[in-house]
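Quick heads-up: structures coming right below.
Two complexes follow with subunit A in common, the first pairing it with subunit B and the second with subunit C.
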Partner chain A sequence: MATLTLPVEEKKKVQEQEALITGAEAIAIACKLANVDVVTAYPIRPYDTVMQYISQLVADGEMDCEYIAAEGEHSQFEIVKHASVCGARVFCGSSGVGWMYAMEALTVTPALRVPMVAMVGNRALDDPGAFGVEHNDALAVRDLGWLLTWVDSAQEALDTALIAYRVAEDRRMFVPLALSCDGAFLTHSQALVKIPAAEQVKKFLPPYNRGDLLLHPDNVISVAPQANEDWVMEIRRQNYAVTERACDVIREVYADFEKTFGRKYGNPFFEEYLTEDAEVVLLGMGTMSTPVKVAVRKLREEGKKVGFVRLRWFRPFAGPEIAKCLERFKAVGVIDRDFSFGSPNLSGVVATEVRAAMYTGASTRPPVLGFICGLGGREVTVPDVEEITKSVFEAAKGKAQPLTQWIGLRG
Partner chain B sequence: MGKLLAVEVIYRGVFQKTLAKNITRGVVLAAHNEGKLGLSFGRYGDAPERNGIPAKSFAIVADDEQTLEAGMAQYEPKQVDVTVVLDDTLSKGTESWAWYGLQPVHHALKPGHTLIVLSLQDAPALLKSIHRRETPYKLGILKGVTNFSGMWVYKDDHTDVRVLGAIAKALPELVGLKAVEQFIAEKLKNELKVTSAVLAFDRFKTVEVKAGEGNPEDLPKFELLKWEDMRQGVSIKGQPQGGPYKNDVTREVGGFRPVRNELFKKYSTRTQRPVVNFKTCTKCTLCWLNCPDASFDVTPEGTYDANLEACCGCGICEDVCPVKDCITMVNESEFHDNKSQWEAFKKNQDAYLKWLEKTIKEAEPEEKRAHGFRYRGQYKEQVTEALEVAHKA
Partner chain C sequence: MSTTFVEEKPTQELEAFKGVKKVPHEEYYTSGHRTCQGCESAQIMKLMAKAAGPRTIVLGSTGCMYVANTSYYSTPWGVPWMHTQLGSSGSGALGVAAALRAQMRKGTMKDEPINVIAFCGDGGGADMGLGAISATMTHPDYNLLILMYDNESYANTDIQISGTSPYGVNTSFSTPGKVRRIMHHRWKKNVAALMLAGHPTCKYVGTISTSYPLQAMNNIRKALSIGGPTFIHCLNPCPKGWDFDPVLSFQLGELAVETGIWPLYEVENGKLKLYGKTEKIANGKFKRLPVREYLLKQGRFAHFVEEDIEFFQSKVDEMWNKWLVPGIIPLQKDVATE
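And now, the complex of A and B:
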């Protein structure tokens, strides 16, 4: 093979490497591979690990970018917003209340069509000042035009970060994207990850081209002028059009990812695990997939036909596809690592969305039970999942079950 | 399902952070040479680390992906196959700052498995500190001076590979010596380190510790409340102020002792402790005022007794005390209880003062291992000191 005779440095360019790294480190490496131009940072756990790794890459001379330590999260997101409008590929991120502190900057980016990629290291909102994972931080922007995706392994974090730039910077999109990683379980845990070669990434990810929206002396435009009722509705409709196109673009990018790197993710929007012959399924996002999969295998050994659907993309929410997937089961249990106090049926965010999707998209409507579990970083345990599954099977048999249950709670 | 094996490394926060991480990463990468898969992670609640506060790092290794999954998505394995303790003063228990209570050092160790302690002491001495338990286990001592460094520096004295060698001996089904050697040669690229690992492997021996053998002290127990029994508004009750207390020896009532949290002890952070000369004390109050943990009890005579249940061993009292040798920080590993020094002083003044003199002479820490670096250039000095210690040994 020709590659074997290449000098080491040349080999690195074309060969995949394997490394023992955390999810945060994987995203930092993705930023290097994506040749990000501007990175802004402000520390908060668990997001801060990614800014530490990027600064390390810069210090070691492996990555060349403007690395700006901002004076707070609000500035952090404002700086990349402006850099992005001027044609820079940007990266930033935060966690928990840090993300919320940037909220004003987060709300303006979708309308300005800024394709920033942000990593949200999911963390419980204060108070109490807990470090553990809860999904309410990232979900706070769910109605605003951001794309939201959740990953469950360091490998998927790296791959999805590359996919994120392709999706967000697609001219049909140009919207911000938050890549959510569960605090601790993903951000701080080192796993073996395959790092693609820079040459491959180059093939997959073209340079960011802002085209007619570039803020530059050679392209004289004014961004974000004052506009009132004569204009606002049409501006909103433009963002709505992005969400209409989003699923198709994402499908395209995943297909191209598979062609370039050879790693298959199948359906981009959700992963199905042992669902072919399942009577009931559980559904959730993020690293809860690990205990759920272990529990599903255990329950199957006991003869209980249960499967698992892991949602990857929450925005866009692939409603029709999810409804089509779920209508074939006798009952569905949605595990929310979040809350939505006062919502219909007092369920979590994901359960409420799934029910809405089922109402219009499904030909039959199996009961959809909501379970609130693993808040504030509490582990979702195998016994928790067994308890959930038991209730879902009861619902499948037609026995009435509460629509929302708290699992793993003392009391 | 294949085999799932877990290693925990208990270490001193900040000072041994890089060391612990190097060890758990080393376990995973070495086991990967045998075709196994693994994960390495620090206990999430321990970070951001505080100087000297006990912390944990883990490696889990499995034959296949599905088995590995069963060990993931946890903050820490509930049971481990090997526990490594990187500083012998941790034998007294571990209390992390994201509080899980004060736990014995073999808290998660499976029955019959190996506890590896890096120490210059022997097993009987260590078992005065390591708590008794209901199941037997093996205790292996890796002889060596404790490796302490700082946030930005790493003291590369081969402790990392020596521990890997000991682990390969204690639990060959986790990782064999050959795989460890291969990892060191290929990833660390240091032949001398390969030799260190092999020597540690060859020399590593264990003793059986029977059920019930060890420090008889009972650790505080606590209950986590149900949601409906907890106070609302994220609030907790404070401690009352405290007041005069009774001396167990003299039956005297007097002085002042603040009420302290009975469950939160802080002493497991200590690698040095203050010893007090009550005779030369001028009652100037500086130690009492400056102690960040209010760990001094005011004695009925107006002197200050370091309460060793509450002292975390920071050494500020020694720094602020204006009297020569009135408060001296000494090596914690010489001690196996937290008894009051003032009571000992009241019992027999002459005996106490003699003991004090001897302790200061013998237990003043030679390698100054506690609390990192107080000034620029201290690391350089420590290299010379460490060499001297090595030559003496």
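And now, the complex of A and C:
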């Protein structure tokens, strides 16, 4: 091949490379490939390693962007919000209480139609302090118009970051997107990742075009004047319309991703693992997929027909498809790495949403049990999954089980 | 190594208007706003837009000049304008300047100097947004101006205390009562001095008043031309919040200066210059008027008794007689040697 003789830098432009990198590094590389214009950083573990990598890429001349270390997360998100309205492709991110500190800025971006892409290195909320994963940080924006996706490997992180820009910047969308990565388990774990060539990415990801919403002296507009009861409801309805379109746009982009890069993700919204002949399934988001898949294989060796559904997109929540998928099993166990105190059945967020989707979308409604597990960075272990599965099989047999159980609690 | 030092981007060269008759007729802040009669905050918006001209992006943080000023379907802005959250004038201006810089460098936007102005009220600037403005004032590579219009209260939400509310003032968070006449004991935050002392990167800090409109416009033009992050603090009498007849707006702006309460100065590349009546006060050519002449024209001080007026006067006297830089830097003149 002619490319073999090319210098390394030239090769990167036209040929896919492979590297041993962490989830955070994979996203930094995706930002470089996406030719992001403005990046804002503020330190909080575990997401901030992505900003350390980007800083190095800028210093090494590999990435051309304005790199701003902000004085707090609120400013961090406000800076990129304004930059995006002025036509710049932007990236930022946070974790845990840092994400919550930016909450006002997070709240206003969907209605401003800002296609900001942010990484959330999922982290437990204070107090007490914990560096480890919990999903409540990213989930705090679930009702606001953000798109929310969870990935479980460094490869998927890189790919989904590119997909994220395509989806968010699609003129039918123009909404912010948070790319959630479990703290430590993904942000800091290395894996072999295929890095697409710059030329391929260019083909897949057109430049961001703000169009007639651009804030620029050539386009004299007033953005977000006081609207009050006259028009706010209509403006909310426009964001609702985005969520109506979201699933179709995401499907389109995944199909194009597969065509361009050759990597297949199948159904974009969730991954099914050994579900074909399964009697019961477990469902969860993020890196818990690793121990759950190990446990599922182990249980299958013992003759127990269990499968796993890993949810990739939480917003939009592909309700009808998820209901159709789950209705065929005898019982479902949802593992939540989050809590929703005082919710119906006192379950976690995902279990509550799955039940809501099943109520309207499923022709038969198997019992859906909720399990709270792996909070504060605690691992979801294989024995945890075995315990969960045991309860789900009991429910499948018609034996009443608690609707919410906490798994792996100490004494 | 390609870029070690700051790469300054050129600014628009905005010469000073040489007299009122030389000021262009074009307005970039026009009809459509719903501000009160006699509103000096709206006045500075108009002067600011006129001074900056058409190649300008304006960001407005939440406050009167958002809520009362810019309504859906009746925007007064003839330049691109965007609402910015209450505490975000600093970060908003930074974001816009960064976006322009990145895209102009990459060739995805026409390379030209565009003014970036973010305005905020005293609530947005002196209180909530102070941290973000402070951070922005340390970025040498972005050309932008933060203009803080100061009507000494949260005047949009019902007139509540802000960090720049004057001592003893009656606001809806500090109404005098049966037992306590004075509910607000804090002295006004010295914001411009805070900016100039704390941010050596900032090449221009100034105070202005809408009662001196030509000077105000020319100072804004200077701040936009000098490059880097700059800051202007403008005092704006507010008929609703200060409780006076709108006909007095202009006169109260003058009295604030003539009593020595509101010193007019600019610091350009580290060089301090007093101007107008303030300069005359400092050089003994004009005797400061007693503060009572300013205070007693306003309903917000109507509960003051003689003792309160005397205290207010003594604090202003202190500013002029004891401060290292009179009216500006509140360090004592006597420097301790041991």
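To be clear about the criterion, the second predicted complex is superposed on the first by the 402 of 411 C-alpha atoms of A that agree within 3 Å, B and C clash if a C-alpha of one lies under 4 Å from a C-alpha of the other, contacts with A are read in each partner's own complex, and residues count from 1 in each chain.
Rule of thumb we're sticking to: contacts are C-beta pairs under 8 Å (C-beta built on N, C-alpha and C of every residue); 3 or more make two chains touch, one makes a residue touch a chain.
This is a predicted model, so every value here is computed, not measured.
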Original post:
subunit A superposed: clash or fit between subunit B and subunit C?
Top reply: fit
**OP:** Check the residue A:Q226 against both partner chains and state whether it touches subunit B (first), subunit C (second), both, or neither.
**Re:** second
**OP:** Using the touch definition from the top, say if A:K305 reaches subunit B (first), subunit C (second), both or neither.
**Re:** neither
**OP:** Take the Cα centre of subunit A as the vertex and report the angle out to the centres of subunit B and subunit C, nearest 10 degrees.
**Re:** 90
Original post:
Where does A:H82 make contact in the superposed view: on subunit B (first), on subunit C (second), on both, or on neither?
Top reply: second
**OP:** Look at A:F131 in the shared chain and tell me whether it touches subunit B only, subunit C only, both, or neither; answer first, second, both or neither.
**Re:** first
**OP:** Classify the contacts of A:G411 with the two partner chains as first (subunit B alone), second (subunit C alone), both, or neither.
**Re:** first
Original post:
If you count the residues of subunit A that each partner touches, which comes out higher, subunit B or subunit C?
Top reply: C
Original post:
Once both complexes sit on top of each other, what is the least C-alpha distance from subunit B to subunit C, rounded to whole angstrom?
Top reply: 19
**OP:** Go through subunit A and flag every residue that touches subunit B in one model and subunit C in the other.
**Re:** none
Original post:
Which part of subunit C faces subunit A closely enough to touch in the complex?
Top reply: 2, 54-57, 59, 66-67, 70-73, 75, 77-85, 87-88, 90-96, 98-103, 105-106, 108-109, 114, 131-132, 134-135, 139
Original post:
Which subunit A residues qualify as touching subunit C in the complex?
Top reply: 35, 37-38, 61, 64-66, 68, 70-72, 74-76, 78-88, 104-105, 108, 207, 215-217, 219-228, 230-231
**OP:** Spell out the residues on subunit B that touch subunit A in their complex, using ranges where they run on.
**Re:** 25, 28-29, 32, 37-42, 44-45, 47-48, 66, 69-70, 72-75, 98, 224-229, 234
Subject >> Touching residues (chain side subunit A, partner subunit B) in the complex >> reply: 20, 22, 45-46, 127-128, 131-132, 183-185, 188-192, 287-288, 290-291, 293-294, 297, 377, 379-380, 409-411
